[in-house]
């Protein structure tokens, strides 16, 4: 099963790191194939940043996302530039505090930045919350793989904070589970 | 008034929140505006870098050239038509890394240009590599263990190379900077104004000035007025974490490209 | 008059008033002559700190509306590659003279070569086209340099005069006309955007200082001149236009001489080897031979190759190991004999005759 | 004249809050649609520029506008011009 | 792992201990990774003042016997042209990585392209040959970079890894072997002159400081290394040897993959477009199609084109307006379809399928 | 002794009769010989120009590179193997025209090199074009009406750019020059020795010093000892036709490429 | 009739100027065709300099000298490098004071440098003496053309000296004329 | 030690004639085979280097050899070594 996941938000939210972690989870810990790409450069600064991951069971040849089926959108501009055109059968997680519009596809609202600030005191981990929610809601990678990938990717000393964020993400996505 | 000089259809610009480049643009436009310059006789030239994007936001003829070469292009513009006012925006990397040779030669020839260097100690545009002005010990993506090379003192270099006007300020010193640009423009020959400024994204982030305000505070606190220091220091060396601001030279060596009336 | 001096005189006759350069053998006399002449004509001669700066300065000067030129040779030419790309992208009219010497590297500074013929077309990064001319007489040094300015202005691109040390340092008598034809760029119409093409794919030109407030950049840009470098469609349409404005007219602007269309053995030649070919074909009347002499090599006018219905083989004598012969090979299915020669000497007429004879006797040279 | 922050330009860097001698700029507390915490103005009428610009015929102080990296600060003409009565705190 | 990081890891695995570079998008991560890793291995990372200096520094370093590399992209590559010629002329082994972006000029700094494929072969002045590789996976970034060092040492010439932004910034899982094969230059035999070729046309190498007192120059030189730049025969034999040492073995060193020799429609591809071709040919099994995937593009192994007996047309999908397609055209008489695409996006599989279908239905794309 | 260091099979060299380059080579070889250096651990590097041909006559490993780039190549050699002694011969054109950027950066980094610049005020190799050191008013093939651009003071520039050792002598001052080379070599970091010297062919011919002896006399008479001037001048400016000789700086800023034992 | 003339000597003797003057005489004042070429560069310095002129009645296509029929040799090194291989039917003028060897072809000895010094006080005009002798001995261009070409080529103020040298050359070549 | 000018190297620039404190070098008067006016030596035994080099074990003065651009000046060993009696004129 091929998944094409698109992340977007503004610079500083860790959009690219999110994609890297997801790709790593799939490729290194779930033993599937993953290719991660991103939009670079100054035009992407200030404005919306974007990053994508393809996850597949067979080797990935054509490496570019054709039609994402999963979205993680963390800013209004990101939504406008990279989320608006989502196809109706896609699933989109949005940071509900930062994105004002809503897509036509399946939409899961996660108040990640707000929760990061209020519950964990650090809005910097909002992206990890979103990742947790993404995995909980879609199972695109296994929860264990995600956890391992997070541990392998975040700065020393912040592991606990990030795992908390991940678990918070799990919880926010499946509120009553 | 200054707003006339801007290409409003391109704003907001691509600079990160709190980037010093926008401030420096303001001061330069304020200066040319105070001098009553005509937009149609003014040309802005730049190389490549965040700083070098500035001319693209200004409503005049402009030349956004290749990395490091702004002064060579500007020399062509000015020497071919000395009646144009030619100003150059450049970065520490653009001016003093790849462009160092054009820099010293433009100083030597004393081409009648006004050059404003946005010295943020880093290559901002490419994401934060060390530059020839990165202070010893500071981290960047290419100096992960701290910069080990001595940085240039750009103002001193310009003086030794022959420029007629040389000054240094920071993006905090907006009024002094504006005045220096005016003074530089009014001095025939090559005028060089170095402006130390904040890059919160590429430099600040790795060196404890992630917030623009913290960076501005650092600039304000490290800057020492040259005049005052010269008077009081009795020849001691400035502590390495400080730098001098003020006018370094104003003189009248033979210059090139000075319009006839000037 | 020396070939290099004739180039300078051609430029002056065409109204060139700005020269920026850096000395290099065997092109230096072009600069030296401009240094002597321009100050007397209120023009500007400036010796820059290097070739990168020279190329930059002429682009800057060109945007003030003057005719600007530089001259160099191999090593300096290599250094100009980045800014040549900038001239292409910014559509700046300018003229470069390359008096070719033996390469690679420092090689043979004082010997003739035509080793930069592929470099002039492909030496800068990315996709682009340029116009390149090659003189085979001192007279052509004068005429083609003057013509280069017209082409540069008309097509808004860098135009190259690819001379070589033989022509550059040779002295021959030349005739200097009272005046030369001058075609300046078409003006930027009122209300037109500065990088919006007209029907000929070329935008009108307005100099700096004339109130049009043109933002010039080497980034992929829209018709206003604003950067738009992450838009694939914008890039594609811009770069294709830059190429097409030159390539689509390659047959109509071709500058060439054809001798003996009936020939079986056809020389394709340019620059100083033309003279040897003429000696072989015209003076020695070697049977069955003819030639295509290209004065404009790029864009390459491949249709001219089909003007020889009886051709059995094309022979391409060049002062390199085979460059334009590659281009010929792309377009024909008869044998293409690359008669490349390096080291600094011209092909002797006998050498070319020998190739023809070997071909005629069925051999493969 | 009325002091104004152009919300479409401001990126929320808070440099204006550092430099105004009157402390007119206060850090924003809520993000706008673009996610930016635009500072809010505390009694902007206190700004000498707002009060006196038209009288003197030139810009006064103006440090905030010079330092604002995003060209977001300006003074809009108010017509008819009426001097405000404000309490100035030194 | 990211493609750029894999290049750096490949270099480290091959024993590269010297990196000199200048940052440029989209290659910068290569330098950044070397900056982080080399100091820990007692290697030297140095950020130079520009790309000219970077190229110079690696040549200087290479003469001390270390493995040296730089990495850049279009504008920086253009600046390196002069010193690349010097590396060729002085027979200095070194490795350059070019992560290609959209040109000409500043163009599209963040978008992928393959627009420097002719430049790498012809971008410096004069006649010469080089070796150029192109990776299509992150794994190949690692492997081909390591291989580049072996080729550089074996042939004593600059070797280029022509990556592109897609591969450079893509992250894929790779397998890093415990060790990679390392082939160092053959030593300069006692009593042999430093530039006297052996049977393979390549002289033995001795590093500076080992007592051989080698005078290295970019001038045309004799076997001792002494300048001899006005001697045509010397120049000819030297430059021909420099070209021949690479070109004569082009078929034996070719690095490629051929799929479906029976194909009627054959893609010739390299770099990231290979992946689209594989998708079309292998996964979608588009009937009648096959491909030649070149990992080594220069020297061009034209005999491989004759491995497809049933070919009706070659299709060359490249991220440029047609570069390697020109080389294919030189060697075949069937139609060559240049499927160039610029702007930064890869060909979608459908686009290539459409070309095949149009060809099959007799149309001309 | 010095003769061992020469490639006798290449002599006589291509220099014109009376060219100062040969003299300077002698002094440098004398200096390394005095220091007891081993030929096999010594590398000479140069760019392109008459001056840059010098390494080709010396019996060591040598790198005759591209025009202006000697210091960048030398940086590679030295940083890759700091145990080698690396000396650079360069000309005024090579070093300060096309090579100016590498010059200031090598000074800034303070790479442990010894650089000898044969400053003959001209591009000799290409037949006598003006260089960045041609004095105002002097004629060359590209300044037929007299040079109008200010020349560089190379020694001052090296000081401002950060070199640890800077001196200037002339080809007349052979013993002082030899001592300066020794001192430069012994100072860790970048050592720069400018040597003003005669080019009778390309410069002298057009500027009334066609005879090597006349040129040498001019050099001797225009040179003013820096120490003496500093003591006696009370801050006046040196007359423009004179120049200072002597040691400009000797200091110990952080350096790169210094071998471990040093 | 095609003439191929080769000049050689050491730097400073005015070898190239000689060729330029001869070419100019033929092309501008005798109204024939002439192409002048030369050897350049530092290798030519110090050592022997060389310059050649082709003079012909029809346009000159192939511009390089194939086999010179006239030589003017003014130094021993010039002789060794560029004169030794003269074909037996060629004519060679040598500066007899400076060239020690003698060729196998027709050789005309002119003590140009010595005469320049003793008779005119300036050895710098030895090349003009040689030119005068060449023209007197071979008629490769007309005497009037040579005179005009010399006048057009030498620095202002030195015309008389140079014409004297030319005439001295005429006289030396045809001693008893 | 015997002072000697290598005729195959000397280009006749006469710099040696300018610098020798003993005026040992005199401008040449006749060209050699290569057309060079090589200086001739006037009582070269007076050179302190010729006299004392072997005694002191190092080169003395040596200015002529240092300034000679063509590496044409050298001292050859004479065996067996015999001090010369020379008249030294100061």
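We call the chains A, B, C, D, E, F, G and H, going by the order they appear; numbering starts again at 1 in every chain.
Rule of thumb we're sticking to: a residue touches a chain if its C-beta (ideal position, glycine included) is under 8 Å from a C-beta of that chain, and two chains touch if they have at least 3 such contacts.
The structure displayed is predicted, hence computed values, not measured ones.
**Student:** Based on which chains touch which, give the shortest step count from subunit A to subunit H.
**Tutor:** The least step count works out to 3.
**Student:** Which neighbours do subunit B and subunit H have in common?
**Tutor:** The shared contacts of subunit B and subunit H, listed by label, come to F.
**Student:** Among the chains in this structure, which pair is joined by the largest number of C-beta pairs in contact?
**Tutor:** Per-pair contact counts point to C-E as the maximum.
**Student:** Please work out the Cα centroid separation of subunit G and subunit H, and write it as a whole number of Å.
**Tutor:** Result: the chain centres lie 39 Å from each other.
**Student:** Would you kindly tell me how far, in whole Å, the mean C-alpha position of subunit F lies from that of subunit D?
**Tutor:** Each chain reduced to its C-alpha mean, subunit D and subunit F end up 59 Å apart.
**Student:** Name the residues of subunit C that each touch 2 or more other chains.
**Tutor:** 25, 49-50, 52, 75, 82, 86, 105-106, 109-110, 217-219, 227, 229-230, 345
**Student:** Could you list the positions in subunit D whose residues touch two or more of the other chains?
**Tutor:** 11
**Student:** Residues of subunit A that contact two or more other chains, please.
**Tutor:** 39, 41, 43-44, 46
**Student:** Give the list of subunit A residues in touch with subunit D in this complex.
**Tutor:** 10, 46, 75-77, 98, 100
**Student:** Quick one: in the complex, what on subunit B touches subunit E?
**Tutor:** Against subunit E, subunit B makes touches at 48, 66-68, 97-98, 100, 123, 125-127, 129-130, 132, 141-145.
**Student:** Can you list the subunit F residues touching subunit E in their complex?
**Tutor:** Those in contact with subunit E are residues 7, 10, 39-41, 43, 45, 53, 55-56, 59-66, 69, 72-81, 83-84, 101-102, 105.
**Student:** Within the complex, which stretch of subunit E touches subunit A?
**Tutor:** Those in contact with subunit A are residues 25-26, 109-110, 165-166, 169-173, 272, 275-276, 278-279, 282-283, 345-346, 348-349.
**Student:** Give every residue of subunit H touching subunit G within the complex, in rising order.
**Tutor:** 11, 31, 33-35
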